[in-house]
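Shared chain: chain A. Partners: chain B in the first complex, chain C in the second.
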Partner chain A sequence: MAEGGDADWELSKENIQPLRRGRAISALNQALSQQQDGPSSAINQQKQSFESELRIYEGDDPLDVWDRYIKWTEQTFPQGGKESNLAMLLERAVTRFTEEQKYHNDPRYVDLWIKFAENCPEPLDTYRYMQAKAIGVTQTSFYIAWSEEYEKQGNFRQADMIYQEGLKNCAEPQDKLLHFHKALQARVSRQVMTSMVMDDSDDEAKHAERVSLADLKHRGKKKAIAPVNRVGAAVKSNSQGLQSQGALASNNAANSRFVVFDENKIHSDEPAEPKVESWMAPPPARAKENEQKPEKWCDVKMPQRSRFGHTLTSLPPSKPTFQPFVEESDQPPTMTPCKINPAVNTVLSARKPCKEETPLKRLQEHHQQAEAGKVQEQSMYCKELLLSGATEFCFEELRAERYRQKIAQDSGTRGQMDQASAGTAN
Partner chain B sequence: MSLFGTSAGFGTGGTGVFGSTTTDSHNPMKDVEVTSPPDDSISCLAFSPPTMPGNFLIGGSWANDVRCWEVQDNGQTVPKAQQMHTGPVLDVCWSDDGSKVFTASCDKTAKMWDLNSNQAMQIAQHDGPIKSIHWIKAPNYSCIMTGSWDKTLKFWDTRSPNPMMSLQMPERCYCADVVYPMAVVATAERGLIVYQLENQPSEFRRIDSPLKHQHRCVAIFKDKQNKPTGFALGSIEGRVAIHYINPPNPAKDNFTFKCHRSNGTNTATPQDIYAVNAISFHPVHGTLATVGSDGRFSFWDKDARTKLKTSEQLDQPITACCFNNNGNIFAYASSYDWSKVRVRLYSLLCAERDKNTLSEINKTTS
Partner chain C sequence: MTSTLKGITLKGSAELVAEFFSFGINSILYQRGIYPPETFTRVTQYDMSLQLTTDVKLKNYLTNVVSQLKEWLFECTVQKLVLVITCLETNEVLERWQFDIECDKSAKESSAPREKSIKTIQDEIRSVIRQITATVTFLPLLESACSFDLLVYTDKDLVVPDRWEESGPQIISQSEEVRLRSFTTSIHKVNSMVAYKKTDSV
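Entry: the complex of A and B
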C-alpha cells in the first residue's frame, strides 16, 4: 500500500516509538525527512508558538494547550528522546494539574498520566498513586493501562482484580471495560489450556524431549538432584493457571534445599482488594540494589594486616574466650600508612545520602513543598509563567507574545467591523 | 545648529522639564526628567558616541517607536526625531561616527536610521524577533551584529540584503555586548558564548554560566589598557556575576554578588528578589551601574568589590540605563508594563549631589 516514495519510514522503523493511538503517516514522513536536515526552523517556530500559547492562554481549559503540544511533540519527534523534551513535558503537565479536581477524570488528563507512568521506572507505583489521589478512577483507560502493566509482569490475578475494581467504580465507557476484561480472561484461560495440554504431552512422551526449565533427571545410582529454583516470571510461565500457582511453588520448595521467596505467594495471602494507602512518603520508585547507606569512612575500622599476614582487628567486639595464638616474633600492628584526613581530602568525605530522583518522587516533593508553604526567598516575578513549558521564556518573549495576540485580536475585530460596515453599506 | 532635519512631531506633549520640587515616589532622586517620553515601556537606551559633539539620547520602546532627544548642558532635553517599526523595539545602538542609529525590533527586522536625512531603511532580517543589535568597527571591516530568538547571530554589511555571516547558537539570544575585539552573547537555558571579532567573527569559547538563573543582561568591561577583559552578567534573580576571560586566578578573580533584593539583613521576613534589567559600565572609571525591577539603581566598584551607592526606590521598575560618552550623565528609564513611562537623567556632576558619592565614583581604581 505504500508507494515507493512514501516508504521512508520502512527504513527506520526501529527508530520510531510506537504510539498507542497510531501515527499520522504524513506527519511521520515529514518528521523523518526533516530530521536528516537538522532541526528546522519551522519546527522551532511551531515549538515556540506552543510555548507562547502555554503561557498566555487565559481560557477555561489550559489542559487543551498541553494536550495539543504533547500530541504534536509525539508526532514530530518519532524517536522520542531528549530533543523532544517529551518526558519533561509530560511531567510538567501532570504536575501542573494534580490539584485541579475538574481534570481528575478528564480522559485527556488521564491519558497524559498513563503516558507519564509508562516513562517511569516503576509504573505500578504511579498507578497506585493515581488511585490514592482519585485521578482517573472513573476512566476505563486507567484500569486498562494498569491491568496491562500487571499482565506484562505476569501477575494475572492482580490484573483481573483491577478490572473488577474498575467495574465496581463504574468506569466509563463500561462496555469497553467489559470487553477488555473478557479479553484478559480469554488470554488467561487460553494459557491454562495450553499449559495443561503441555503437561499432558509431557506425561505421554517421557523420553521424547527434555522439557525446558524442568528438573534434570539423574542417571545412574547417584541420587544427586540438580535443584531448579524458579522465581518470579519463570514460575508463572509454567504455571497451570491461577489456581495451581501455589501448588507449583510448593513443589519447587520441596525440590530445593531452601524455601524460595515467591512474591506472588505473599500476594495471594493479602486481602483481595488492593489497599488504598495514603501517600505521605514518596514510593520507592526504583529497585534499590544497594540498601546499605553510605557511612563515614573514619568510623569504620579496617582490619589491619600485620607483617606476617595475620589479620588483626584493632578493636575486637568482645573478648575471645580462648587464648589467641600469638607468634613470638609478632610485631605490633603497623599503622595504616595513609591517614585519611577528611578536612583535607574531599574525595573520601562522607557522602550525603543522595536522593534518588524519579519523576514520581519529584511529584511528591512538589506537593509537599506546596503544602508546607515556607518560603525563605520570594522571587518577585512571574516564575510560573517563565518556566512553565518545556523551555524557559524571558520577560520580553512573554510580552511580545501578548502584544502579538493583542494585534491579532484587534485585526480580527477590525476585520469584523469592516465586514459589518461593508454589509450595512450594501 | 540643529543636526537633523525637521523633527517629526511626537505624540502627546510631555510636561515638566525638571523634576518637581516636592518629594514624590515618581522621582525620589529629583533627577531631570526627559520630556516627551514614549507611550509604553522603554526597552533600551543609548547615548551618542564621543565622535559627535553634544549628547544625544536614543530610546526604543514597546510602543514600536524609537525617539531621539538632545541633552543640553543645562540639563534640558529637547525631543528631536522619531522613527517607527511595526513591532516593539528591543535594542538600539549608534554607529561609531554618530551619524546612524540602528534599531532592532520584534517585527524581525533591523533598521538603519540616518539622522541627517531622518530616513530609516531596513538592513537585516531574521526568522524571529531580534533581541540585540551592535555596531562592530574592526580595522578591516565594519558591520552590524544582530542576535535573535531564532537562535542565530548574524552579521550584516548595511549595503547588502544578505548577511555577511550567520552563526548558529544553541539557544535564543537574550542579551549581548560588543567591545572590539570581543563580543559576548548570553542565551536562554543559561548559555554563554564569547566571540572574537578580529579578522572575522568566530566563536571563541563557550562558558559555563556562573549564575543559576536565567540570564538577563550582559556588559563587557575593559582593563586599564582599555582592552576588553571580562564581562558582568545579570540574572533574573537579583545577582550579578563578574567574569574575566583569562584571569590569573579564576577561582579568586571571578565572583558574583547579590543585588536588587529587599530586606537585606532581616532574616525574619522572606527576601524579595528582583530581576537585574540592565548593566552599564562607566566609560572612564570602570565602575558599574545596575538597574533592577525593584525600582532602584546602584553603582558598584568591581575591583574593590563594594557598593558605592543605591538610589531611592522608584515606584516602577527601571528597565534600561546607560552612561553618556564621558560619564557625566547617567540615564535610566522607569516604566511599568503598559503605563506611566519616564526617562530620567542622573547628573554625576551636579553640585547638589552627595559629595561623598561623587568622590567615590570619581576615584581611580587602584
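Entry: the complex of A and C
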C-alpha cells in the first residue's frame, strides 16, 4: 500500500459495486484483504453489535441505527452478494418505519427507500408506492431517483413530468431539483438535435435501404433468378414491402397493410397528469399469464403439420452425418466414482421456481395486514425483537445484551458516585 | 520518437512525460464526465485505446499547457501538476488529481542518454493510466456539472509566463487520498495520487 502499486482494489475492481457517494479506501482495502482470509471475526463482531443495537436501542431515533448499519454493510461488502444481506436489511428497514409519519420525509429514510427501489425488479412500482404513501414527496432526491429511472427506460416525457410533480410539491432543496430538471432537458434536447443531424446526413443512404418482404424483379430468361443487389431498381415499383424507419413514416398510411402503433402519438392525446392509482388492493406483481420461461432456442422445432393432418410434435434428434474423430490414444472416459448408492434416489435437483414474490409485494402485504388490524397470529413472546434484524436472535442473546447493558450502567453510575464522593472529600 | 533507441535523453524524457500528461488529463476528463462523451474520439496509444477530446477550445488549452509543461520539464523546474475538479455551482473542490514530478537535475549537465527503453517506460505509463481508469470503483459519482482546472507547481524563482497566473492550492477539506502507481523515465519520476471528498458514512 505504501507505493500504491499493486493495490487490492485494482486487482478486484470488477467485483466492487460503485456507490453513489463513493467508498472509503481504507474500508475497501480492509474488506478486500479480509475477503481472502474468509469472513473475519472482526466483521462478524461488528455485525453482531449492530444487530443487538437494533434490538435494545431505546432512544428516540431508531432509524439512525438502521442507517448506520446499512451504510456499514455497503462499505464492508464491496461486491454485494448474498452474505451482505443488504437487500433484506433494506427491506426490513423500510418496512419497519412505513407507519412512522415523522420519518416519511427524513432524507435518510428516503435514501433507504431509493436504495430499496434500486434493488427491486420494478423500481417504478416502488416509486409509485412511495408517492401513494407520501414517503419522500417533499424530498428532491426522491424525484431525481424516480425521474432517472424513467430516463433509463427511455421515457423522457414521464421523466420530465416527475420533475414537474416535484416542483409542484415544493420538494427541498429546490435549486437542486431545478438544476437536475434543467440537466435532463438539456440531455433530451441534445439527443433530439443529434438525431436530427444524423437523419439529415443519411438521407442519401435511406433511398438505397433494403426493403424486406418486397417483390423483386427477376433476371434471366430461362430461369428466374433473383438479383443479388436487392435495392433500388431491382425492387418492383408496386411492391408493398416492409420498409424500415424513416421511409415508413412518410407513406405508411397509404402503402402499408399494417397499422403501426405509435406509442408517442397516443401519449400526446392523453392528459398530462400522471394517474395516481390507489394502492389499497395490491396489484399483481407481474402479469403472470403471459410469462414464458427462458429456454433454449437452437434445437427447438416448430410443431409441423404433416401431410396427413396430425401434428408432428418432435422429430428425433438427427444423428450427425459425420464421424467424429477420436484420437487413438484416447481412453473412454472413466466413470467418476459415485459414493451414492444408485438405488437411492435422493439426488440434488434444481429447486422448482417458487411462487413469485417481489419485495414490494411483500411490503404491501405487510402493510395491508397491519392496516386491516386482523393479525391472525398472536405470539406470546417478543417475536419482534427476535426477528427484527437481518439475522435471528435467540432469547439468551437478548438477555445477555440486557445484562451487559445493566452492568455497564451500574458501573457507570458507580463511577459517577465515586467521583461525587471524591468531590465531597476534597 | 524511434522506439529502436535504447537510451533516453532529457529532451526525450520531457516529451514522454508531457505526452503522458496529455493522455492522462484527457482520460480523466473523459472518465469523470467533465465533458460529454460524444466530444471524445478514440485513439490507440500505449497499446490501449484512449479517449481524446475533439472540443477545439479544450484541445487548444491542453496543447498550450502541455507545451509549456514540456519546457518546464526540460528545464527541470516543475514539481507538481494538479488537476482540480470543482463543482460549477458551489465552487467546491470535489476531486484533486495530483502528479508529483521528481526531476533528476544532474541530467541537465551530462547529456549522456540514460539506459531505459521506451517500451518499459510506456509499459509503466500504461499501468498508471489503467489505474486511473479503475478508480471509478471507489470515487463518488459527480452529480452536478463540474469544471476543471490545472495547477502547476514550479520552482520558486521561475518567472510566471503571460498566460499563467498564481493560484491557491485548492485543497479539499476532509479528503480521502489514494496513491496510484508511479512511473519513471529515470530522469523524471511521476507519482500520482487522487484525493476526493470523504464519504460522510462510517
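Quick note on the criterion: the second predicted complex is superposed on the first by the 268 of 426 C-alpha atoms of A that agree within 3 Å, B and C clash if a C-alpha of one lies under 4 Å from a C-alpha of the other, contacts with A are read in each partner's own complex, and residues count from 1 in each chain.
Operating definition for what follows: contacts are C-beta pairs under 8 Å (C-beta built on N, C-alpha and C of every residue); 3 or more make two chains touch, one makes a residue touch a chain.
Predicted model only: the values in this text are computed from it and were never measured.
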Note = Of the two partners chain B and chain C, more of chain A gets touched by chain C
Request  = Figure out whether A:Q378 sits in contact with chain B (first) or chain C (second), or with both, or with neither.
outcome  = first
Query = For A:S41, is the partner it touches chain B (first), chain C (second), both, or none of the two (neither)?
reply = first
Inquiry  = With both complexes overlaid on chain A, does A:Y403 touch chain B (first), chain C (second), both or neither?
reply    = first
Query = Which partner does A:G59 reach: the first (chain B), the second (chain C), both, or neither?
reply = neither
Ask   = First (chain B), second (chain C), both or neither: which does A:L386 touch?
value = first
Message = Applying the document's definition of touch, where does A:C394 land relative to chain B and chain C: first, second, both, or neither?
response = first
Query = Following superposition on chain A, which residues of chain A contact chain B and also contact chain C?
reply = none
Ask   = Tell me, which parts of chain A touch chain C in their complex?
value = 1, 3-5, 7, 9-10, 13, 16, 18-28, 68, 71-72, 74-75, 179, 183, 190, 194
Task = Sort out for me which residues of chain A touch chain B in the complex.
result = 41, 44-45, 48, 375-381, 386, 391-392, 394-397, 399-400, 403-404
Ask   = How about chain B: which of its residues touch chain A in the complex?
value = 43, 62, 87-88, 90, 106, 127-129, 131, 149-151, 171-172, 174, 188-189, 214, 216, 236-237, 270-275, 293-294, 337
Note = Given the complex, residues on chain C that touch chain A span 36, 38, 89, 130-131, 134, 136-141, 143-145, 176-182, 193, 196-202
